[in-house]
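Next come the structures, one after another.
You will see two complexes here that share subunit A, one where it goes with subunit B and one where it goes with subunit C.
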Partner chain A sequence: MRFIRKTNYYQDIQIFKHEGQTFWYTCLLLILFSFPFLLSDFYLGELALIFIYAIAGIGLMLLTGYTGLVSLGHAAFLGIGAYAHAYFLSLGIPFVFSLSISVLFSSLIGTLLAIPALRVTGIYLAVATLAFSIIVEQILSHWVSVTGGYRGMLVPDPSIGNVSLKSHTAFYFICLAFLSSSLLIGLNILRSPVGRAMTAVRDSEISAQSMGINLARTKTIAFAISAGFTGLAGGLLAHKIGYLAPDSFNLLISIQLLLMVVVGGTRVFTWSYLRSNIHWFFAPSLGFVKRQPSRKICPNPRIRTRYIWINPGSSPDL
Partner chain B sequence: MALEEKLEHTQLLISGLSQGCVYGLIASGFVLIYKATEMVNFAQGDLMMFGAFLAYTFISIFNFPFALGLVAAILAMAGIGALIERFAIRPMIGEPHFSVLMITIGLGFIFRALAGFIWGSEPRSLKTPYAGKVFEFDGIIIGHENIIIVLGTLALCSALAFFFKTTNLGKAMQAASQNQLAAMYVGISVKKINSITWAISAAISATAGILIAPVSLIDPQIGFIGVKAFAAAIVGGFGSLPGAIIGGLIIGIGEQFAGLYLPPGFSEVTAYAILLTMLLIRPHGILTSVQIKKM
Partner chain C sequence: MTILELKNVSVAFGGVKAIESVSFSMEHGEVLSIVGPNGAGKTTLFNLISKIYDLDSGSIIFNDIELKETRPHEIAKLGIARTFQNTELFEHESVLNNLLIGCHVHTGTNLVDELFFLRKAQDQELVFRKNAENIIDLLDLQSYRNTKIVSLPFGIRKLVEIGRALCLKPKLVLLDEPSSGLNPEETEDLVFQIEDIKEELGISILMIEHDMNLVSKTSDRVLALADGKVLTIGKSQEVQEHPQVIKAYLG
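Let's look at the complex of A and B:
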């Protein structure tokens, strides 16, 4: 535990609180940069997948952890991002533009979802988002002309200009770049007025309102941003899995995303919850690194359930 | 033509009614637990599946007489419900609701895995004395199982109403659901009430599972209709038992007619479309009894 002597209010909103953090995060980044030279393609692929889910996690974290709105339907945004990106790519739109359009499109849908979702809170909201995701899944299965229905859809290989990004190393770096910038953007949103309004709404809607925060606006923005991040993850995920089918974005994925965020700690942002993703995949081997034994978690429902028993404070209040 | 259409509509109405009754029953399981403990049990559909499998085991494997197997399965599920409350839910009192929700989701996974482990994943059919028989009435064909579902729901609802209105235990449960602390002060054992609530809720789900077993086969995945039942509970106004049944009927009947008039795929989403519309128009459902808490 380090105690920081604060001499300035701006210290409270700095991304790196002290030199130690700067140092360790730089080290982490260097290590991540060195992985392509150390690890085999298989592990690079797995790491890229973790990065992608981490981006989706950032999206859900902003909504659930920081605005206090629980979503059981985020797989839908993953799906929307993935299908939109694959569709735009197949129309011949370049990678970067296609990905940006998919993110915007996903945000737009998020904004639309906010209209019914604003009227409800807590468990009602969770179920409203769940209903939304099931509707999206059905649309993906039945809108054959765009999505290919149950036959699925092939995703074109990623490339910028004439440079193909198909190799594991290139894709790893792409995902790392997107994850790092998403984290920076997410952290910057959180220290902006919008982000602090979101936190205020989470802590108490009534006091937030009495301080002049527009609840509807803040929540809608939270939905839009969250959907955007998740859409970005979806676009990258499309390349990762290479072949889209409607049932790859079902309720179980939503629950898994939510668990990822909950297990990592809904109020811990930065790289620390990336850690939870890493645990997700390499739980047993990495368990000893962490001080808290309860953070050893693996994708097993029984253990997840146990985990919440052990550490109930990690989940958001409803 | 007009006559045929009318027949078709009646037919759909009847199958929607029986499907809706099943949704309504599971929904009332949700509502009971929510009213008593303010917790949401996402494993309700899986409890239904498990109950149906237990009935299948008792009747088709152990060769119990139908009625005995039925009662045994319902009692066993009540016991399982009470055990879940004691060992999974009671330690969570005072923790965020969301944690409890996650636990019940986890329990749902466990039940599904367990059912797959014990009975395998291929669909089973429950032998009933009434399956396959039909009434023919003025050109309308009604399966006995549909009638049994509606009658069973009616009987169960009146039994519940009677239980809550007249018996001491029922009144104690109502008191506990209104204010647990106050109930404790007047000498009601709230812990026991919670256990009993879970037992009753699991028993209702088991009944729903047994009722639906002759219509749709039993396999570990049928628990997913719990999600639709949840939508029904919200449409009816979470926290109101008659509302749950009404919501179930609306969704059951809506689904059947969407299957007739709308392109394929729409009948799958009807329940959720109804839910979202309901949340837009009347966020607290048809029969509202939920009090909004100020935080």
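Let's look at the complex of A and C:
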């Protein structure tokens, strides 16, 4: 057990609360930096995919875990981010700008979704977001001039200036950089008034109101931020899969995202959450479950149960 | 100086007239208790003042501002804080975080400051923390600072809720049965805490309370309510001896 001597309030608002945390997270970062030299391209690719889904997970966790709004339609934001990014890239917009615009665009759609979503809660919200994702899937299939319809859409390779970022190593580092910054922003939200307002809305709407929290504003911000993160993940995912088709972003992906967040702990950020992500997506490819590499919903109930069993605090809502 | 004034306030839910032409006013720094049997409309009155319900007729004036089109979350900004009868705390958060949410109305940062946790947001966090710590000291909550609400006993929860309301730095605080669920010792402490809130922080208190002992020890005036109507308003002793009040309670 560690006892921390606190001498000022500033300590409590820092991300790393004591030297131990700083040390271990630095170790983690060093290990992550060493992977490209140790692992083959296949595993780097799988890791990049974990990072991408982790970014989407942050988005969904802020909405579902912290604001208490369940979404069964988050695959739609992955799709919006992916298609928007691929479309802007094909127009010749540079990688970084294209990705930023896609994030903003996804946020904007999230804000629009918030307008009807403010009027429903609980299971009805889940149904409403599900409907939203089906609408988006239909639009992606039928807006042929932009999305290519059922023929799909080829995603241009990422590059900054003339430097191609196509290699597995480069892409791995891009995803790592985006994941780290997303985690940082996520943690910033949680230690600021906006994050506390979200938890307040989750736990008691009536008293949140009496504390001067604008419910509509807070929920809209939660949707926008969540959609932004998921859109970012979508943009990166587009490069990972290389070829977009409308059915790449179906209900199964939404459920998978939701399960990832719920099993990993709806209110657990950082490492233990990432670990659940690894169980879900990495375990199959490591051959734990005697299957071909696959990204289907974690097929092995034994791993799932075991995960919950060894991390009882990680799944408060299960 | 009048801080709160109700003029002919009425509200009905379907055919039930919950509040019928209620008028009273309270002074700055006053402790006014509302007593009355179950279903008298006491909590409804609180919900009207905090704009959770809309008035059918009449007007509520707080600090010379008529609360007409005011939305529920704007009430806190004007300086009215409240607690709830069965506590409405943010249960999965620590006591400290609950108090910090109480500071929310004083937020001066925008979303960008907060997303990147810029200097301004950091400084604000420290100010909020200082404010919350003052309240923790006032209510002796030091040992519960980092405990989650779900694992706290009811008496402490009531206290945390009062603390959260005080973090708003309100001018008027509405306490809905602060002593319900408390043991005699905790109720005894509550007398001093209410005095502290009044004397040290200069906050006016409008309180719904059944414990007549607590009422007479703390209140400047008492208002008796029955069936949505004001029976009488005056000193605690006068109200308790008022024939209509006795009739309302004993039938």
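FYI, the second predicted complex is superposed on the first by the 268 of 318 C-alpha atoms of A that agree within 3 Å, B and C clash if a C-alpha of one lies under 4 Å from a C-alpha of the other, contacts with A are read in each partner's own complex, and residues count from 1 in each chain.
In this text, a contact is a pair of C-beta atoms (placed from the backbone, for glycine too) under 8 Å apart; a residue touches a chain by one contact, two chains touch by 3 or more.
Predicted model only: the values in this text are computed from it and were never measured.
Peer 1: For A:Q138, decide between first (touching subunit B), second (touching subunit C), both and neither.
Peer 2: In the superposition, A:Q138 touches subunit B alone.
Peer 1: Under the stated touch criterion, which partner chain does A:L259 make contact with: subunit B (first), subunit C (second), both, or neither?
Peer 2: A:L259 contacts subunit B only, not subunit C.
Peer 1: If you stack the two complexes on chain A, which partner ends up touching A:I221: first (subunit B), second (subunit C), both, or neither?
Peer 2: A:I221 contacts subunit C only, not subunit B.
Peer 1: Looking at the overlay, does A:A128 come into contact with subunit B only (first), subunit C only (second), both, or neither?
Peer 2: First partner only, subunit B.
Peer 1: With the two structures laid over each other on chain A, which partner does A:P116 touch: subunit B (first), subunit C (second), both, or neither?
Peer 2: First partner only.
Peer 1: In the overlay, answer first, second, both or neither for which of subunit B and subunit C A:V70 touches.
Peer 2: Only subunit B is touched by A:V70; subunit C is not.
Peer 1: Does subunit B (first) or subunit C (second) touch A:Q11, or do both, or does neither?
Peer 2: In the superposition, A:Q11 contacts neither subunit B nor subunit C.
Peer 1: Name the chain, either subunit B or subunit C, that contacts more residues of subunit A.
Peer 2: The partner with more contacted residues on subunit A is B.
Peer 1: Where does A:S167 make contact in the superposed view: on subunit B (first), on subunit C (second), on both, or on neither?
Peer 2: neither
Peer 1: In the superposed arrangement, what residues of subunit A touch both subunit B and subunit C?
Peer 2: Residues 204, 206, 316 of subunit A touch both subunit B and subunit C.
Peer 1: Using the touch definition up top, name the residues of subunit A that touch subunit B in the complex.
Peer 2: Within the complex, subunit A touches subunit B at residues 70, 115-117, 119-120, 122-124, 126-128, 130-132, 134-135, 138, 141-142, 204-206, 251, 255, 258-259, 262, 301-302, 304-305, 308-309, 312-313, 315-318.
Peer 1: Mind listing the subunit A positions that touch subunit C in their complex?
Peer 2: Subunit A reaches subunit C through residues 9-10, 12-13, 185, 188-189, 191-197, 199-200, 202-204, 206-215, 221, 267, 316.
Peer 1: In the complex formed with subunit A, which residues of subunit C make contact?
Peer 2: 50, 52, 72-77, 81-82, 84, 88-93, 97, 100-105, 107, 109, 111, 113-117, 121-122, 124-126, 129-130, 133, 164, 168
Peer 1: Note which residues of subunit B are touching subunit A in the complex, please.
Peer 2: These residues of subunit B touch subunit A: 40, 88, 91-92, 95-99, 101-103, 105-107, 109-110, 113, 227, 230-231, 234, 238, 263-266, 268-269, 271-273, 275-276, 279-280, 283, 294-295.
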